[in-house]
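Heads up, the next two complexes both have chain A, just with different partners, chain B and then chain C.
== the complex of A and B ==
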């Protein structure tokens, strides 16, 4: 079965995000003084072929831990859907 | 004769500078090692040069760490032989777990390319044995992500094991936030592993060996290394 995994990677809350801070400041300069705490991150989509949703999910976590995410500074969350459903 | 190997990853761009500096000033024995090679036999020191391996895609150094040569570099390092990662090489050492911590974007919001001063604070590694206390090494940095991060617990461990090798300072060797170019924790410019044979540093010693380039302070780091290796060979 084909699955579509979507992964969101962000810096851990304890880690300073210079990019996010800069974007926050830019928004303040534009007059959006009610917005704060912009945190930049990464969005990834991965197609996975697996025997079950559980197997796909397990593998998705594995590749996150091995390559897609650096646990020293980053954290992630993922969602998984059958590919057909995801395409709709 | 001490034999150096300079690893070339796709996107490395300081490989030739490292090769030049070594060949010109320290040893006739220097080779490039293509990242797909799995043979690092016969080398006394491996250099992971600066640049943008794999275009810095995903994270700096994140993909290079899976290059075939890196499993050999790990074995080389665990045998106690010296490995120096400069700039992107440092980032690769962090991603590969040979050194602790990670790199973030500079707090200064820009790619920094300038001369800075660094102070050696550990004199027990082969790279820093020959350096003097309170000397300020004049050396260039060139990076967008040189903001070294480690959590409080990790920092304590680094300090306890004497793994901080270089700190950003001023020309008189004073370490303070004012002379921290990128936001690094504890002004860290370079660290080593617990055994002391793996060094990662953001500044570029290979770019300041030839006096024609404005400083030859970088030589001091290579000279220290050569001295240590020569001593080891004669023992």
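== the complex of A and C ==
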């Protein structure tokens, strides 16, 4: 069965986010002074073929820990859906 | 009132995603051959001060179109929540 895994990787709250700061400053320069605290993160969509949703989820966590996420400075969350449902 | 806007920016399906391809290949090299179609995107969290949720949403769309999203190759979606609720 095909599953669609959606992964969101964000910096831990205690970690400085220079990219977010730059965007905040750019927005202020453009006149959006009511905007603050821009935090940037990564978004990933992955197709996983697995026998069950549980197996796919387990593998997705494994992939995150081994490759996609730096646990020292980042946290992640993921959602998983059957591929057909995700396409709707 | 403070609102927390969550923005997900993804490449349009027709646009090549070299970063995603690299991650897919890395995963295959690591033995995860059941994984395919990795697509990378950006994730942003923005705090917006506005009089109403509707005003915050309108401004968030404006910011996306003017700064955060390249409409030629990217699409975006956003969700908006009162800041207190988002913190829970």
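The definition used in the following text is that the second predicted complex is superposed on the first by the 88 of 88 C-alpha atoms of A that agree within 3 Å, B and C clash if a C-alpha of one lies under 4 Å from a C-alpha of the other, contacts with A are read in each partner's own complex, and residues count from 1 in each chain.
Here, contacts are C-beta pairs under 8 Å (C-beta built on N, C-alpha and C of every residue); 3 or more make two chains touch, one makes a residue touch a chain.
Treat the numbers as computed from the prediction; the structure is a model and nothing was measured.
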Chain touching more of chain A, residue-wise (chain B, chain C): C
Partner chain(s) touched by A:18 [first = chain B, second = chain C, both, neither]: first
Partner chain(s) touched by A:73 [first = chain B, second = chain C, both, neither]: first
Partner chain in contact with A:36 - chain B first, chain C second, else both or neither: second
Touched partner set for A:8, first chain B, second chain C, both or neither: second
Footprint overlap on chain A, comparing chain B with chain C: 67-68
Contacting residues of chain C [partner chain A, same complex]: 8-10, 20, 23, 26-27, 30, 32, 34-50, 59, 63, 66-68
Touching residues on chain A, where the partner in the complex is chain B: 11, 14-19, 22, 67-68, 70, 72-73
Contact set on chain B toward chain A in their complex: 58-59, 62-63, 66, 94-95, 100-102, 104-107, 109, 147, 149-151, 183
